[in-house]
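Right after this note come the structures.
Two complexes come next, and they have one chain in common, subunit A, joined by subunit B in the first and subunit C in the second.
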Partner chain A sequence: MSRIVLVLLGLVAAAALVALPAFGGLATLNLANKIMIAAVFALGFNLLWGQAGLPSFGHAAYYGVGTFATIYMMDAIDRGGAFPTPLLPLVGAGAGFLFGLVAGWFATVRSGVYFAMITVAIAELVSALAQKWEGLFGGEAGIRSIRTNWGPLDFQSTGSVYYLTLVWTLIVLLALYGLQRSPFGLVVRGIRERELRIRFLGYDAHRVKTVVFALSAAVSGLAGGLLAISDESASMVLFGGAGSAFVVLNTVIGGAGVFLGPVIGAALTTSFAYFGSSLSHFWPFYLGVVFVVTVLFAPEGIGGAILARWRRVRDGAGPLIGLGDLAGLAGAVLAMAGLVLLIELTGTICSEAYRAEIASLKGVWPPVRIFAISFAPLTPWPWLVGLVALIGGSRLALGAGRPILPRLFAGRPGPRADQTRPGESA
Partner chain B sequence: MHPVLKLVAAAVPALALGVAAAAAEPVKVAYLTPKTGSMAFIGAMYDPTIDFVVKPFNAAGGWNGNPVEVSVYDDQGTTQGAADRFKQAVADGARIFIGAGTSPLAAQNLADIKRWNQRNPDDPAILLIVGAEGVNFTGADCSYYSFRFTTTPYIRQNALAKVMKETGALGQKVYSLQPDYTMGRDMEAATVANAKTYGYEVVGTARHDVFKIKDFSSFVEKARAVAPETIFTAGGGSDLQLILQAASSAGLPAKFAGMFLDEPGNLAAAGPAALGNYTAQIFNAQAGGEKGEAYRAAFNAATGRDPVAFMSNSLITLTMLTHAMKQVPAAPKLPIKALITAMETSKTPWPLGDLSMRADDHQLQLPLVVSVVSKDAARKLDGTDMGFKPVKLLSAEETSMPVNPECKMVRN
Partner chain C sequence: MDTIVVALLNGLIYGLLLFMISSGLTLIFGMMGILNFAHASFYMLGAYLAFAATRIFGFWGGIVFGTLGVALIGLLCERTLLRHVRRHGHVQELLLTFGLSFAFEELVKVFFGPYAVSYPVPESLRFAAFSIGAVQYPFFRVLIGATAIAMFAAIFCLLRFTRIGLVVRAAVLNPDMVRALGYNVSAIFSGMFAVGAGLAGLAGAMGGAYYTTNPNMATELGVIVFVVVVVGGLGSLSGALIASLVIGVLVNAVVYVDTTFGDLLAKVGIVSAETARTLLNVPIANTAGVLPFLLMLLVLMIRPQGIAGDERV
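Moving on, here comes the complex of A and B:
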């Protein structure tokens, strides 16, 4: 693929992003905002994980601190403060940075599992504090504020928030890309690969790790600030474990080794959660399946798979999509359909609503509608069809001992046992 | 008549009916509740209540021929999810929101509603809070556009203390053991505030972390040291079960008085340790006499289970909403302000007595049942030989607490 095609693609994407508010509804714009916020958060997390090889499982703490700090600043603006509204995310970033500096100094004394445990402990500490300190964190009700216009700039509509978020997302992307390519970024990656060697070269590894931690926390805090601007509220729920878990999920699914991987992951899981929750109440289960499949068969994530595939096409080593890929894809779709059928059937007949229907029909089990088809849950057929589709599809996708799926994702023949995931090298 | 004519004669009114039905614009109601995540049990509890109220209302013509369409939105139990679902529901055309989650979720819903109304004063939306008991919703955060359809810890503590005092079960020495979050802190404040009114002494207070402690024996021993006769708690779920078990196995002679003992599964999990403890209930079929029993039977026939805990609050919310709608005259679009007025002024029949919405702070005025866990209860729960035996049914006037002075409602 030539450079011109890439530039053209970039221009089309940019035009689409700028024009989105013109044809997207309120819900679409909100989704776009949430995707960008999740992407910035995941990028911040991946600075620590992908670049420095430090797996933090408590990043919600810095995200939440950024949200709260920004809400307080918004409130100050509302009461006549002079801070410009468009620069609000910097407040979140600053709060995240300061907190990250302190937390990072302690956490980075250790690496690997011990580091991860310290980050979890710090996140739990903040979470417990937020629950008890009602004056600062607003208790159960949380705290609220409202966006204030700044000069000629109006920030009342979702569209204006979209542009603000878009600009900040691009700034973060460029800054992080620059950081990655800078000499400092090289030292950080050096620490990931072999910390001892970096120390022998004369670098203070602990100081570098502390700074990276603080920068990562700052980007997470900035994401939190963007959330504050979008939702205009903050509550202690932000500090819960779900936030810390989702950012790991986004990064793993998207690919930690690729710069834009976390963005891809954030876009996929956020859209999935957004639409999935109105389609099926079992969407977290499906997301879990996607996560497990990714870890097992494509540890480099979707971003890694795309990159590998693009390299293969560029080197002329294979076509963009081969016959085997199509078979694997068909198998994966079949297996997913079978799984969805089984899960939805089980879930529906176990639900309160279904129990109510049985009661109102005086004990008759009504048919269950899935994929716009009615299934009778008391006959063995739907269960058999689901099982056959799941097993058959999986076998097709995995190619009976000759895995097609890994090749589909990794873009190379055969499983790759040699690769190390970030965080394992420490 | 010619067969073809017959067919036409039959088809014309049918078509006309079809046109009329198509012209009827549904009144969209968004029901925001957690359906996934660690709080999914809350959403599951509310599911059967929606059809039970809305189906007969629509069958009887709905709002002047317009059916009410309730859509459930899954807020995933997070404030961010709640904010997202609000934006989605508003985009879908809903202007009536039912917030059926915990206090943080209801606070998020309320903030979203307030800002929507601030930005769209000609197209306002209202929030009906089903289960959030935070004092702020009818206190500092009270709003013309939001209504609370449950109690506060103050209302429940007051009802418990009143009835237990009358029957002599309360005693002189009272202890407060609370979960350490807003509701527990409110319950503690209520327990302390009512000491003079009901002539007891608060001999001690303690708070515990929520859903983190597995062994409550140290809390039980701390309480035993001051020998209380009654212990007030706002604890729920596994916390409450573990507290009851710890107290029972340590032989603590005090009674517990709480608000969440009738959540599904609590009696079965606590076992005989639950016996003799008091709870303030929203609904108890036995206390409602024939009417109460008929309501329970109708609900059971339609849904396969009895209404318990916050399910009753959802039933009350939907019943009062549909009842108020009947009083709003026909218009091209449901006028929200007329609905608010109807909500404030109408009395809604309910098996335990009339329900009304106080205009000053939009706090529901409702009858409460103070019950004791007993083997003599008319209905046994959760497959145990225990149930809730009503001690006294308090009317809406008796349970009412004064308007929170922090509530400064702007009526526009």
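Moving on, here comes the complex of A and C:
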């Protein structure tokens, strides 16, 4: 029964994706492209993080290498090379794989936190190189190229790029799903759980980890190749820390333990960045807060939460959405609204523009407009409202999952009065 | 000759500044097993807090405020956030501190804007400590170095010769036994976390004034600090000191090398003079940013546990 529902859901999603260019505008297609590229990148990252348990904090290096390799290949095609345009992402994947093989060999010499630090340092090495080596990476301006048509296929419109990206995203999804279910995937997960046993079984753990690293870098490079096709340019900004940070954010918020988790995370944060950046300068801060809250209170991510809920409903252990969930959701929204109010107020009155305005009004503080509502920053009310919403909302949200409403009426003391936290005694 | 001495001195002092930050990172790792991604953010927060407080308390007050403020922030992070995820394992702690470093950087932008702020060394401290040939060596640099050395001596004596240090070292080796003896191990760990954060804050308050104070300073320095602890060996104070000095000197000395990679390779005969002038026209002085990472890869190949690291890790 559940299998049929899943297949149906998949079909509906596929139909919607195929039909998107027919009714979506240019902006929608661009956003969809960005989401798919971020999703492929996050899937590649999660091969290493979710499957092998290796936390890489420098994956932007492989993404960027893929982008640059693809741009150079596009340039070669433009000058008469015979490489088929639809297969361009494979160039990115190949470059990522080769570089990942070398970098992975070094990084997987150590595991755990050492591994994390080495990946950061390798990414920084590449970034520093890209900044200095203008001959290859084009310096501040970066390098550009153009998409060339191939045979009957035309790649000039955004719609065609969308379909190309969609096809490659589906290929990556299927390939990674197959890899995860293959015997090799089992060995990789075995290394995550207990490396020593895998070694006793006769596997060369270092070699397996190097190969997984290279494969993960290849998928990241493929995502970079898709970016090159879509943007027709590459610059050293790609190698910056932001790229590495966002793929971690996407994967963890979406849920590393679920196959489609990174896709969910990529869709959410990319959309958030797309719409949030036009509303506020401080959207990365909100994203950071969401990430920290996810790590603190929902380590399985959104995907994990959905999966747990799905299992609960399937086993008849609970309703799809209970009263406590609604209260929790309301609390989360309230807390976020309070945080946004406080941060926007602070950010605005600290900005240069606002200081200049005060000076031009001879010391009078003008009202701060946030989402078409004016606030007077010198009165305590907006600050108080923000604080109360933030604190009250988070209390309500953190009580969710446990039956909070009955407790509110029974007037019991705080939620953790009688139990010690496991962290205290560890 | 004079320039070489100045370059070496600059490198030494930059290395000592690196040590002020990496010592806290390596101490916290040695004790709690936490690799604190947000440690370099403490350096940045120290600079910004000091900058904000300078207007009210003056320069020295700002430095004290930056140090204590960051120590308090570190304490709060440990007690309210890190403690909460400890049961989920070290990687979850890593993710949390990574998220914190991201959030701190953005928070600083909320208050101080995305560009560098002007947090200069005050006029009264801008004099030469001594001169080497024609070069006047600034006093404030010497002060940064002296602070780092004093700090190292203080930590070393604290850990080595006092009763608190004894308990701390015992708590690192066997926390359960120390707890059974009646010591509050969780308070000891929180205290050391705050001390480590405060040191990074102090480094930021002084380094921010001498170098620059901008929202990127955490990421820029953070990776170098990671290199320092990998090269030195995680958990080892003396390893961190050696690695900091080596990297500091290396980065500063190479700036004075006046040739390009292309020239070098063309002289050996690997590439043509044409390639040397176009594609490989990269001055070796430009590799200052790359060298620490190459050193790290080298260390990983021949001595993976670092200079003074424990082989069991």
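Quick note on the criterion: the second predicted complex is superposed on the first by the 392 of 426 C-alpha atoms of A that agree within 3 Å, B and C clash if a C-alpha of one lies under 4 Å from a C-alpha of the other, contacts with A are read in each partner's own complex, and residues count from 1 in each chain.
In this section, a residue touches a chain if its C-beta (ideal position, glycine included) is under 8 Å from a C-beta of that chain, and two chains touch if they have at least 3 such contacts.
Keep in mind that what you see is a predicted model, and the values were worked out from it rather than measured.
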{"item": "Partners on subunit A (subunit B, subunit C) - clash or fit", "value": "clash"}
{"item": "Contacts of A:R395 with subunit B and subunit C, given as first, second, both or neither", "value": "neither"}
{"item": "Contacts of A:M236 with subunit B and subunit C, given as first, second, both or neither", "value": "first"}
{"item": "Subunit B versus subunit C as contact partner of A:H206, first or second or both or neither", "value": "neither"}
{"item": "Which of subunit B and subunit C A:R312 touches, first, second, both or neither", "value": "neither"}
{"item": "Touched partner set for A:G347, first subunit B, second subunit C, both or neither", "value": "second"}
{"item": "Contacts of A:N30 with subunit B and subunit C, given as first, second, both or neither", "value": "first"}
{"item": "Touched partner set for A:G53, first subunit B, second subunit C, both or neither", "value": "second"}
{"item": "Partner chain(s) touched by A:P284 [first = subunit B, second = subunit C, both, neither]", "value": "both"}
{"item": "Touched partner set for A:Q131, first subunit B, second subunit C, both or neither", "value": "both"}
{"item": "Clashing subunit C stretch [against subunit B; choices 81-89, 135-143 or 297-305]", "value": "135-143"}
{"item": "Residues of subunit A that lie at the interface with subunit B and also at the interface with subunit C", "value": "128, 131-132, 281-282, 284, 351-352"}
{"item": "Parts of subunit A lying in touch with subunit B, wherever the complex brings them together", "value": "25-27, 30-31, 34, 128, 131-132, 134, 139-142, 144, 146, 156, 158, 227, 230-238, 240, 242, 273-274, 277-278, 281-284, 351-353, 355-356, 358-360"}
{"item": "Interfacial residue positions of subunit A with respect to subunit C in the complex", "value": "53, 55, 57, 106, 109-110, 112-114, 116-118, 120-122, 124-125, 128-129, 131-133, 135-136, 241, 245, 248-249, 252, 281-282, 284-285, 287-289, 291-292, 295-296, 299, 343, 346-347, 350-352, 421-424, 426"}
{"item": "Subunit C - residues contacting subunit A, complex", "value": "29, 35, 37, 81, 83-88, 90-92, 94-96, 98-100, 102-103, 106-107, 109-113, 186, 219, 223, 226-227, 229-230, 234, 278-282, 286-287, 289-290, 292-294, 296-297, 300-301, 304, 313"}
{"item": "Subunit A-touching residues of subunit B, taken from the complex the two chains share", "value": "35-37, 40, 44-45, 47-48, 51, 73-74, 76, 78-81, 83-85, 87-88, 90-92, 102-104, 107-108, 111, 115, 118-119, 134, 136, 141, 180-183, 185, 209-210, 300-305"}
